[in-house]
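Two complexes, one shared chain (chain A), two partners (chain B, chain C).
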Partner chain A sequence: MNTQGRKTHIDTLGVEGGNAASAAAGTISGNRALMLEEPLIFEQDSPGTTGVDLPEPPTFKPRLGKVRERGTIGLPGLSEPEVIRHYTRLSQKNFAIDSGLYPLGSCTMKHNPRLNEKLARLPGLSDIHPMQPERTVQGALELIDTLAHWLKTLTGMPAVAMSPAAGAHGELCGMAAIRAAIEDRDGSTSHRRRVLVPESAHGTNPATAAACGFTVDAIPADATGRVDLEALKAKLGDDVAAIMLTNPNTCGLFERDIIEIADAVHKAGAFFYCDGANFNAIVGRVRPADLGIDAMHINLHKTFSTPHGGGGPGSGPVVLSEALAKFVPLPYVVHGEDGFSLVESGEDDQANGKEFGRLKGFHGQMGMFVRALAYILSHGADGLRQVASDAVLNANYVMASLKDVMTASFEGPCMHEALFDDRFLKGTGVTTLDFAKAMIDEGYHPMTMYFPLVVHGAFLIEPTETESKQSLDAFIRVMRGLAERARSGDAEHFLGAPRMTPRRRLDETGAARKPVLRWVPEVSQAEAAE
Partner chain B sequence: MSIIKFTKDHEWIKLDGEVATVGITDYAQQQLGDVVFVELPEVGRNVVAGKEAAVVESVKAASEVYAPVAGDVVEVNEALADDPALVNRDPQGEGWFVKLRIENQGDLDDLLDEAAYKEYCEGLH
Partner chain C sequence: MRYLPLTEADRRSMLATIGVPSVDSLFRDVPEAARLSAPIEGLAPHAGEMEVERTIAAMAAKNISAGSVPSFLGAGAYRHHVPASVDHLIQRGEFLTSYTPYQPEVTQGTLQYLFEFQTQVALITGMDVANASLYDGATSCAEAVMMANRVTRRGKAVLSGGLHPHYRDVTLTNARFHGFEVVAAPADPEGEEDLLALIDDKTSCVVVQNPGFFGQVRDLTDLAAAVHAKGALLIVAVAEVVSLGLLTPPGEMGADIVVAEGQSIGNSLNFGGPYVGLFATRDKYVRHMPGRLTGQTVDAEGRRGWVLTLSTREQHIRREKATSNICTNSGLCALAFTIHMSLLGEEGFKRLARLNHAKAVQLADRLDGLKGVEVVSDSFFNEFTVRLKKPASKVVNKLAKHGILGGVPVSRLHPGDEALADLLLVTATETNTDADMEALAHGLKEALS
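On to the complex of A and B.
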């Protein structure tokens, strides 16, 4: 276990040597070649230093009434080059899709085309404000409407709510619409309060259901990794509000019984929410409306290549079926004789009066809408179809290339992600976590691990369509080499990994049990000790 | 003489007189990894067999702990709030979760005994 977590005081600069970082790196400075030790900006405080020399402020009479400044705000003093270096170094420590393969399953970490960025930076799109009069932003509203049209066409659904800010927010939107529809139909005292969620679901699904006031009931998987249809049917009843299903599911498998599931759910008077996180695998190939889905969020930051993972924000529009269409959140764009406008209230002339409310201050993540539409228009319908095919092809290539040395959890072929479990590590003394740490030494960001929970010690690998065969072959070579190394009895290699990172294993337990969430100046620490 | 029984969900239950102590097994704590938080029920709550009685959160996952049998919670292990690592160090001793006044002692007959539980674990993974 790591014993050399960052000490929050100045000697991590390494000027005196002899500290934990320099001992680990074996250098005087604590740096490893050009991989630099970087203290917090507060630890680099040199009081009185500023980037710009400002004149002393004139004397003034405070006009804050009884409000008094009680202390300094404690901003650190640094020069401009020091600040630039600090943030540049921090940015260099970030691993991103622009740096290498990022095979996080269920996250669709694909390349973010630069064309998207170029268009999102056009001043007419980036310098507008949501409070501007509608007549001055007709182009932006048309862009939202055009994107909405594409999303409706690709899913076959009649309506789409554009404002949700991310996937889980989209789930909230969809489930709130379902709740509104049930209360509209059965009255606000409806006893439909149970939501069925498969065991392999994203954790956000049961959390969303609970946040919307529903109780959650788990549906078991069958031996093929899919929803057990008979078990599902047995759980349906007149107290069931909805099912939340991901397709393809988090095992990377297509739910083959989905149409039968939808029929059974509808027959029971319930609604069908689909988690669209894995839409990348079927975009342009399958229309969710044809599967009987009532609501599905679309992660623009996955399928439609807008940045995520620190580079976001995300964006999670929700397509809605005819039965749910009028329960959309406010505001939304409509197209009338006088051009485009936003329906801001259920009282508006163009409103239907059934809108369930507002999810967000404004109309959604405009910058992401621009990027997503740029992606869609540059690919076209045929290009999007190929996106899905290539994503599935790449995952199956990984699966086929590794299944003789690792253990695939379910019979292939898979969809967009390849799922392995830790049976191949049995008896080696190496865990999935140890294996992931050894991948870091090899220069790879690990895959999603220990999820989904339905398999033991999961390795969930999603290469996405934007990796070339060369890139996948290099990754496969490393994975095969590590698997063979683990099975040859070299557990030590894994238990000691990572060896080449700025820090070795972090004390995750300590961080979770006793989190230090705030930097405290050394002076205060000394005072506290007295 | 106390009776100790096990569930397939990896809880143990030990009956001393009318009160039974419940915790998670050594196998369970090994699978979970380092426990970082334990959420315990309120004293006085009635728990139902097979339904959630507590939640245990580790560096890997959050899991529900199910009541092996029905009963009323008479005591919870307050020490787990400050030192959840007790669950890892001594799962079948100091790391216990709750004490139940159980409704029907006969319910214990349906659970696994030590030998059957050991055999069950060996068949896993």
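On to the complex of A and C.
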């Protein structure tokens, strides 16, 4: 193991060499009972071993043209039991919703029902090829169409594009639709290229606007944490293509003026894109169509509980208003007299001629569609409304129970998440990051930190509706205890945290300064050092 | 409702703590006109597992699953055998229900497998570094072109006619909105195109697929040198990643960026998604890369560990100046990929590739003898093109009626080109038996007679 040669840059850390919880203190193996050290898979190579028994092909004459067969790749050989143990041990180094409260604001870490996993694996859904003849996949097309129907119904919007692969990809889809509609209306030389984005927006919003060829113009927030309507109006003009607004916003607040915002934007000839990452707060209680929205992505991996899987995959269908309904990506499902079919190209007889093109390979994230539909059907009309109600209730309960010891950034009520800032830590020597690391030792995954950018040292706490009151009370007890501890002058406790994790604080500065992004064999490491 | 733990008593007591009379009052910021009081139109009340399973299983039952019949479909999605342990491991809740590893102390599991994944991808492509995955092969291709534009500060991409049409189309969509030029060579079933003739001093990159969409495998070494001589980058797309177990990798042929569809390893067909985009490049271009990267570091006690790194490229830091807008990627599909690859190992991966090639050679030989069938591809890996004496889409529909998924008609992906209407893409993998091949040969004979 090569752990030498790099100094940690975690200067503030009080590293106590004799800490009982540290590996250095104790065992021969470096293990700590259930906390097991696990080398890289590449360090467990026994050459020639494999975990998959495949027949050796009979002799045959290769047809590789001028291409040579490759030499040694360098992949390690392991048997099945070794592989199972490796990944089991790795899994035990992860926190997950299955293990505890995971209040990562904006990310919506709610329970992932296992029925949905089971259904996504039915061979009739998982073992079908995207290029099978349409006659052989009528059930799959029906499923996409059914989910599309419920997404349209829940949002009140007339159209939905199903193919985007995640939220950011949905943003790209919606902004492309807007640009296509503007070019259709004003001509391709339209100078409407400015997009208004609040300072509190998620990073994907400005990144998407730029990826679509727009320039980004930031709009400020008012004292209540919402878009400053007057400032917005002042920015509108005939070069503005759209506004990208998150609602409920990233401060966890409903944009009270949203209908006026929509009117002003439309009056100026621009479109209203809504980042729907927080749709979980209002599903079943508010339809985005009634707010004047033109396009909104829905992260199925947030509102509709498809698992985040350590960073994906997601799915980001985009609902569209009448004005944008034709400007959809290819492909899409249509329902005709003899069943369902796919419009896969602009040359298709059923195409409307205004489709803006393809966004990804094949037809969208089918595996996620199955799970999201199962979620919708399981909750039903009453359950979905209850989802939003309980999500908002839980967040307000956390807010109400912490606001005397932490500093809430804005006046409530909040929606599905509670935003605090670091004013309550002033003078304690403890930062939001330090506080988060101490939460880890208490058995919690921290909230989202330092986002949104409009408050200092943000704590964005989203408990979700799948936490019980007991669970919230235990969390509140911990948060209150930590807040009091910070203010009592015990900064040391926070600066050294976490102490009980598989690894303590990691040197991120060093990692970025001299990136090591892959394993290399010992020999080449030695060679490289010479 | 089984997923909602709050009781009515809980709700009442929580409302009292908050100091409001009802949940409705928490929604008071919603404009009155937009408050929905009616139930969701047409949606039944909540349902138990049994009812939901019944509804969705009924939809599943209307599809013909590829594994239940002789199946020869490819064109960018391949049916391979996925070992049982893969699906077992990715369903461990600690993997399945975790988020992007933003807090490294409690996500070393995810970070370590991503570091191993990056290493495996770099090794099989023959490149220096790989990222922690993008959405799929097609979006990775578009991202690669935009990266080449950044690296070369040019804005014109040349796409081979052997590039998967979806990869081409996604690149074209991005070109239209992001604002760069694309020269797409016409479909090239015979492998005769001259890409060099399309390059000029504005060209940022040339994108070729290997094996090509129509099946041919090519040595790209000379093309790489010629592209580099013009100051452009060579991007190699790999739609069937198993081929990298047999063929000289793109990295050894001089590729600057390699993008691939990783679905074949560890992931089911899933009707086209979710899949996993692989993205690898040279060390010197790392800071231009899209997507997340995991890097090695040490913790406060000097022990080796992993973190997300070089995030100053990414949207959450750079916002409108980011290298890509991607956030959520294909984490769990990357996990499936890396577990399957670990199970295969050097021996298994190479054998799997040889086996695929052997099956395809066997099938090509079997079909080439049939009346009205001509194998067009003179070289191939596990997929090749045949010319039929009738329109391929008609033949495929006829085969489907007889319970055979006989291949992908080229016209489905290249619609409107009459010259391609008779071409059929046929794939054989380790899952195809001799009996499957006999069934296809027999079916084709009937369909063509």
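We adopt the following convention: the second predicted complex is superposed on the first by the 474 of 530 C-alpha atoms of A that agree within 3 Å, B and C clash if a C-alpha of one lies under 4 Å from a C-alpha of the other, contacts with A are read in each partner's own complex, and residues count from 1 in each chain.
In this text, a residue touches a chain if its C-beta (ideal position, glycine included) is under 8 Å from a C-beta of that chain, and two chains touch if they have at least 3 such contacts.
Keep in mind that this is a model prediction, so the values were computed, not measured.
Judged by the touch definition given at the top, the superposed model places A:512 against both chain B and chain C.
Of the two partner chains, neither chain B nor chain C is touched by A:488. Using the contact criterion defined above for the overlaid structures, shared-chain residue A:456 touches chain B, although it does not reach chain C.
Between chain B and chain C, C touches the greater number of residues of chain A. In the superposition on chain A, A:168 makes contact with chain C only, not with chain B. Using the contact criterion defined above for the overlaid structures, shared-chain residue A:352 touches neither chain B nor chain C, since it reaches no partner.
Once the two complexes are overlaid on the shared chain, A:426 sits against chain B while remaining clear of chain C. With the contact threshold set out at the top, residues 508, 512 of chain A are in contact with chain B in one structure and with chain C in the other. Those residues of chain A that touch chain B in the complex are listed here as 423, 426, 450, 453, 456, 508-509, 512-513. If you check the complex, the residues on chain B that touch chain A are 34, 36-37, 59-61, 84-85, 125.
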